[in-house]
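The structures come next, written out as structure tokens.
Note that subunit A is present in both complexes that follow, paired respectively with subunit B and with subunit C.
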Partner chain A sequence: MASSNTLTQQKKPERSLSPWQIARKKFIHNKLAMISTVFILIVTALSFAAPFLAPYLSPIPDVSRVNIGSMNIPPNSEHILGTDKSGRDVLTRLFYGGRISLVVGFSATLMVITLGTLVGSIAGFFGGLVDNILMRFTDFVLNFPFLVFVIVLNTILRDTIDGVSVLIIVIGVLSWGGVARLVRSKILAEKENEYVLAALSIGCSPMKVIRKHLLPNVMSTIIVQATLIFASMIVVESALSYLGFGVPQSVPSWGNMLSSANEPDVLQGKPWIWMPPALILTLTILSINFIGEGLKDALNPKSLR
Partner chain B sequence: MTTRDFIQDRIDSLENRDVLLEVQNLKTYYPVTGGFFKRTVGHVKAVDDVSFTIRKGETLGLVGESGCGKSTTGRTILRLLKPTDGQILFEGKEITKISGSKLQKARRDFQMVFQDPYASLNPMQMVGDIIAEPILNYEKRNRKELEQEIKSLLTRVGLPEAAYYKYAHEFSGGQRQRIGIARALALNPKLIVADEPVSALDVSVQSQVLNLLKELQIEFDLTYLFIAHDLSVVKHMSDRIGVMYLGNLVEVASNRDLYKEPLHPYTQALISAIPEPNTAIKKERIVLEGDVPSPQNPPTGCPFHTRCPMAMEVCSKEKPPLKEVRPGHHVACVLY
Partner chain C sequence: MLKYSIRRLLGMIPMLILISVVVFSLAKLMPGDSLSGEIDPNNTNPEYIAEMREKLGYNDPLPVQYWNWITGFVQGDFGKSTKYKRPAFDVIMEKVPNTLFLGIMSLIITYILAFMMGMYSGRKPYTIGDNAIAGINYVMLAIPSFVAAVFAIYFFAFNLNWFPFGGSVDILVETGSAEYYLSRLHHVLLPALVLGAMSTASYTQFLRNDIIENSRKDFVRTARAKGTPMKKIYNVHILRNSIIPLVTFLGFDFAALIGGAIITETIFTYPGIGMLFLDSVTNRDYPTLMALTMLLSFLTLAGNLIADLLYGIVDPRIRLE
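What follows is the complex of A and B.
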């Protein structure tokens, strides 16, 4: 594959950049977006390398173990970020917590985007009765009171598989409605172009028209939307965990770590317990939003043609 | 051989050829929905009872003003729209009711060249992929061979081979239309419906594209349904011409007969509107009164009677059928 590519490249140096390549070039030249990307990559790498990096090399069960001997120790040389009220090392939990927060955010986003794109594109392309049924169903899902449903479903289901997967599925199933509406409206506008008729007339099946012709042309919107959803999903996970309805308390996540700050004593007197997760959470969300902005500029259809 | 003899020859030879497409009483209505529950409250009768035939190798031009149903007719014939009523016979086979994969298979034989060269090419696809796609939809092919084949097709329509690796936005309108033509040709179809293929182009480029279409017709033995609103373009391209008004075919005649001796009052008005380059010739211009009636609520009887300078009482009562008044010359008017 690679060799054949270089061959044609030598033969045809004038091969044009694809719209995606143009977008990538633009994105790389966006400093803020690139810094944010690097930051996210570092956070991700550290989180996933947690078992090898954390000061207290320990598998997950040990991270959650209460250690009465070393409760509420301020940062020192042994515990760089101190320990929390149960005597657990904050830095270690920060690494492990990132893992959960990012995985939950990413998986929920993937689920939301997949479901939303599927429903939205089918509804938008076929229109009529199909559109009506799918969009009324979407309205129905959008009308669920999110918080109540997440809390109830999560509490009922949390013991069936494991807490984290249940949370991902519950959030995902409840939040695809917005994406479905967005994709539908984009497809409705895009399908008016004659290339859709052309695709049908050269013998493409309707599903192929959606997959090969319509989705690539609305993909830029979906990608930008995905980054914004990714950020908000991390917030949702943290908020739920902070309230005690998200990831089980025993599993470290940024939201769970923050929840210790609901004691006035910790909030006022022991900032080392909640400051690190709060800071890293804010920076992560900010970076993801900057990446989203960068992608929006890079994928702007006017700059692609 | 004079040009005239050549044309006569062509007409004679075409008359003996087989019918490729036969359209009988074709009707395409768009439903109009209204009210809270989106009930159908009426129909836009875009194509209302149109019948014609096209022989192999022939070009039938369809003219008419905007909104008269020319494009809808073309799209319905290719089954990109669902006909409300009537029959479309392609090589004697009924294609009016087929759908799904059967329709997909049948589409191989009839292709379309679209009006807007800017909207009809997918901006995310490489030109080579745009032209390869129809072939790959029907056949499994070796990528290398196919690439060669497409490059020669690109050269044939007047584009450089390097266009294969480019994207549609890098080309001008005329070049894009050539890409669209190459895509339509890729499957080696029998019928091509050209829906105003040059109306979006510069006048200087129009003739190049038209001549390309003519050359390709002879080379690939193509049959065209050529839709346009420009009378001189249709005259240049067509063997026979059909004139449409408000979803109806009002006159069908050979190119020569139609321009020399238009019979239907509407056609006469259209022909009189063609600008005459020679100022020495004084031409009488027939100016039509009023506007085209709404196709949602067409007039009873002859669709043209509300604007016809020769309208009689009978015109508002009965719709005159399209009948052959002279050899090969069909008119739908009570005068004949």
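What follows is the complex of A and C.
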């Protein structure tokens, strides 16, 4: 015993990597996930820099008004991706649109994750009657046909408050059910561990146990889930905007831009108007999904890579 | 099983009541007369509106109004469509066969695609073919259905001219003739393909993993030891075991199809329930909208119930819980 003690004192032991460090290493070695991350970072940076970039991108940087003189121009040296039916530069709108799509997707995800984690962790930790009531409520929310209620609620509310925030709130309120179920099942398994009992017996409040001890242990699951939800939220936003029930038509978003494909004339003869948003949307979704898969692999201690 | 089914059915009742209350509250939040559609929205004479409101019972307390509405609803009185000036029930029922046809076709397509790809991948895991299928599935899962639909129309309907780009049937053909049915099939194929491709990926991966897992089990070794040909082992022994858990997906597909139908039908201008739903939102045809919301919620609930029941049939442990 004594000898081993002196040994550790003499030779400074190599610190083993923390779980987060291991995960980061694994993630960096995953090529597909890294390429996707770089892609998403570039898309995000370009989208948020849109107001500053716009003057350099095209001779008509203002995408909020109709320019009768420059309608439906195919791609050329002045307008790299051409202009749409209102004479607005497609490339500039693409950048502006990315901003809305990403912001709506991110805010909705944040809301879904917060609500779901809150409900799930409380239900899982306290169990019994609380669990029963909360989970029945979750079942209730999950039983709504999502798209139907988003559209109905959005129609009722959109005139009262600003369109984009209504959309975020409506999507968020209707889709936290899955996360709540997932977090609850993880917490249920996690709370059987001795350290939870120890924390409770030294007088930690239940909320503190959840926050400091349980949530960090289910964090990896939540992070992976959040990535996948982020992708699906972008899809929901653009699908709704495409159908004309998402963000108002005046605000450019990828879905709004795609909705011009509803006109057979544009769909058939002017692919430069709808193809760029379709492609960038698909690539973004694909990249986010790859990042999610990469994170899942990286955060799973059993995976060998 | 009977006891389990009854318990599940009874468990649905509070859910149904709650959903109907929510729909009723939403209808009350909407402007005008969104439940019966009897008040003419173009007549703005305040006396007329007051008289009609009194006649239709809008001055009654809310619980009474709710009761009157829900008892009427159960009996098939969905109010009157303000756009078509006909009972909403008839308007909706006209579109049901189209959506049903689309749903069934897309399910058939899902099953055919998933079985072909899943069985191939399961038999030859970790080969180039399997990886290619996994890659395709990944992309199919990631592409939003409406983007897929737009591309499908662009390539298959406009550039290749293989399919019509909208509608449910040619106007020129005679109803009931063989051509009529062929034309309907022709019109439904492209939307059904887009809708069906959505859920193919999860089926395929599930089937693949299940086949791989089953092929390591003892009964397969026994069958091989007896000299059963590999083809028969895969197609009969293993497949039979792997299909069972797939059955439970059917109920969830139900709910997914409803959401998918709204998007797909609108893009393909296929006159079904989904397109009617969006049309009624655009035209502020609130009675039809509320009736559809109610109906679609019921269908989702029914889908979840079917999933639960099938799960109970497949996995007896669930029943005892």
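Here is the rule we go by: the second predicted complex is superposed on the first by the 276 of 305 C-alpha atoms of A that agree within 3 Å, B and C clash if a C-alpha of one lies under 4 Å from a C-alpha of the other, contacts with A are read in each partner's own complex, and residues count from 1 in each chain.
Here, a residue touches a chain if its C-beta (ideal position, glycine included) is under 8 Å from a C-beta of that chain, and two chains touch if they have at least 3 such contacts.
Small disclaimer: the values here were computed from a predicted structure and weren't measured.
A.B. asks: Once chain A of both complexes is superposed, is A:I285 in touch with subunit B (first), subunit C (second), both, or neither?
C.D. replies: Once the two structures are laid over each other on A, A:I285 reaches subunit C alone.
A.B. asks: After lining up the shared chain so the two structures overlap, which partner does A:S238 touch, if you call subunit B first and subunit C second: first, second, both or neither?
C.D. replies: second
A.B. asks: Just to be sure I read the superposition right, which of the two partners does A:N143 touch: subunit B = first, subunit C = second, or both, or neither?
C.D. replies: second
A.B. asks: So, does A:P264 touch the first partner subunit B, the second partner subunit C, both, or neither?
C.D. replies: second
A.B. asks: Tell me which partner touches more residues of subunit A in the superposed arrangement, subunit B or subunit C.
C.D. replies: Residues of subunit A touched, subunit B against subunit C: more for C.
A.B. asks: After superposition on the shared chain, which partner residues are touched by A:P75: those of subunit B (first), subunit C (second), both, or neither?
C.D. replies: A:P75 sits against neither subunit B nor subunit C.
A.B. asks: Who does A:G127 touch here: subunit B (first), subunit C (second), both, or neither?
C.D. replies: In the superposition, A:G127 touches no partner, neither subunit B nor subunit C.
A.B. asks: Who does A:A199 touch here: subunit B (first), subunit C (second), both, or neither?
C.D. replies: It touches subunit B, and subunit C stays clear.
A.B. asks: Counting only touches as set out at the top, which of subunit B and subunit C does A:I156 meet: first, second, both, neither?
C.D. replies: second
A.B. asks: What does subunit B use to touch subunit A in their complex?
C.D. replies: Of all residues in subunit B, those touching subunit A are 75, 78, 80, 101, 104-105, 107-108, 111-112, 114-116, 119-126, 133-134, 137-138, 162, 165-167, 169-170, 180, 183, 186-187.
A.B. asks: Tell me, which parts of subunit C touch subunit A in their complex?
C.D. replies: 15, 18-19, 22, 26, 29-30, 138-139, 141-147, 150-151, 153-154, 158, 165, 255, 258-259, 262-263, 266-267, 277-278, 281-282, 289, 292-293, 296-297, 299-301, 304
A.B. asks: In the complex, go through subunit A and note every residue touching subunit B.
C.D. replies: On the subunit A side, the touching residues are 12, 14-16, 18-19, 193-195, 197-205, 212-213, 216-217, 301, 304-305.
A.B. asks: Can you list the residues on subunit A that touch subunit C in the complex?
C.D. replies: So the residues of subunit A touching subunit C come out as 139-140, 143-149, 151-153, 155-156, 231, 235, 238-239, 242-245, 258, 261-262, 264, 267-268, 271, 274, 278, 281-282, 285-286, 289.
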